[in-house]
């Protein structure tokens, strides 16, 4: 369903992505591994449509993702290094906005998602008073609430304790079980059923 | 079901209003700047009100422009830095529409207070009370146009080093028509003449801005997010 | 329509070769045209009835003014082509145009000021055309400033392209507003750039327009080569091209 073909991307003079090709089917997860600077974040951003590759194409459901951009984005959720949250708003208010602009969401749904990611107790404090791990838990609730088919995750376990890392693995597994797709950049592998994982190693 | 466009605009406006009221100093600074600039001119020119009145349209409009340049810093920069602007671009909704909503909210928070506070500065520059409604109307329209064109420059300088100074340089040529017509409208209002003609032209620029500026700003933001 | 030539213009090596071959010839043609035109304008043409010999500055002023605007338009078109069809050469062309256009604007302002002294008795009198030229200079400087301030070259290309397009849409609006402003405050004084042209005065002027355009083309091609070299320095065709 997600097809990346012959992707080449330069950042300035650096040839960051060289002929990257892979595909992901429903229920599968592509794990991007590689050293720092290998281009994992660049690849995720290129798939998300934030970066334009010089050559190659990303296709979603058979159509070029660029051409059907809004429809593609409606089915995709991207979680970068830094959870995108406004410091002056509470976690709940942040989610109300970031999910609300995608689909109508009720307070009960937000509550349920926050409970699932263990963020409910600090959801009504301003985000700038929260630790990095707490922010990530709120961001993960946002990923759940987006009800997206494709998850693009850049190092989703950053700043999380052992419980949190377990949580990410569970959420990922649930999503795959519902025939969702995941492309995740990780430093250490995610504990997922091996038959659902495609490993992509990026060379620096 | 995808959120309808009007709700998206309301959500954006509500978010920005909420954020603004939690950090009100950000709003007050451009306004104070405008009032201070208006004070500097008498100090450097003359205390004679009759002579200040001649310079008033220029002082008020240049002051309004400088103030709006300061305020433009708050339009996109913070959102770009904490990653939330990216979420706008990835939401599957029209970025053009969302940025238009953002710009309008920004104008409500910066341009409107400036227009309403302008009589204070104008009175100090010898502008007669009868001219105040005309002044406010012209500044409302002009500041709206400045916010729209400023959104383009703000989007373009997102990826630039020392974007703030560059923002001013880019915005100045685009602001020339607004300044010319706005100052003319104010001048005519002070003289007690009919100021409809320059107001219509200001209006025309604002309409052109509404149709084209958000598109250009969205394109600029997408380039800046790369 | 034959699209082959269009695609050729998209190929950096081809354009580089084209520029290298043609720049000297165009430069020579420019020099010749300028020589003839200057002789015609400075020596052959009779002095103006009112301005005497001062009007002769029109032979440099008018072409500079025309080019400053024409180059901005060219820049905007090249930038749009680069943005829409994603052609690297088009972006390089836009970047090459900018400094040339800026200098022509400075030349227009400078010659305008020199003309102003005998015309009005002062170097600067807020003439509407000169004022528009001044704003045009700010547009050029803004474009070059934006390019310089963005590190990533692709981003710089795209952002400055967008700025050029926004600028070109604004140029007529700015001109209109400056004319409006001028008509409010000053009665119709003699505008810079006006000279009642007798027969012997016109042909050198037209030839100068041509000469300046050829000059621009020659300098542009040289700058374009330099731009392409800089942008494609890691590409393989460079080594061949430089030998």
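Letters A, B and C mark the chains as written, and numbering starts fresh at 1 in each.
Note that a contact is a pair of C-beta atoms (placed from the backbone, for glycine too) under 8 Å apart; a residue touches a chain by one contact, two chains touch by 3 or more.
All of these numbers come straight from a predicted model, not from anything done at the bench.
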Most widely separated chain from chain C, with each centre as the mean of CA atoms: A
Between B-C and A-C, the pair with more C-beta contacts: B-C
Chain nearest the global centroid, as defined over all protein CA atoms shown: B
Separation of mean Cα positions, chain B and chain A [Å, integer]: 36
Mean-CA-position distance for chain C and chain A (Å): 48
Separation of mean Cα positions, chain C and chain B [Å, integer]: 32
Two or more partner chains touched - positions in chain C: 151-152, 154
Sites on chain B at which at least two other chains make contact: 226
Per-residue overlap in chain A, given as positions that touch at least 2 other chains: none
Residue ranges of chain A touching chain C (in the complex, touch as defined): 10-13
Chain C to chain A touching residues, read off their complex: 151-154, 234
Complex interface listing, chain A residues touching chain B: 48-52, 70-78, 80, 82-89, 93, 97-98, 100-104
Chain C contact footprint on chain B (complex, rising order): 152, 156-157, 159-163, 166, 169-170, 172-174, 176-177, 180-181, 184, 201, 205, 208, 212, 216, 219-220, 223-224, 226
Sites on chain B touched by chain A in the complex: 1-3, 7-8, 11-12, 14-15, 18-19, 22-23, 82-84, 86-94, 98, 225-226
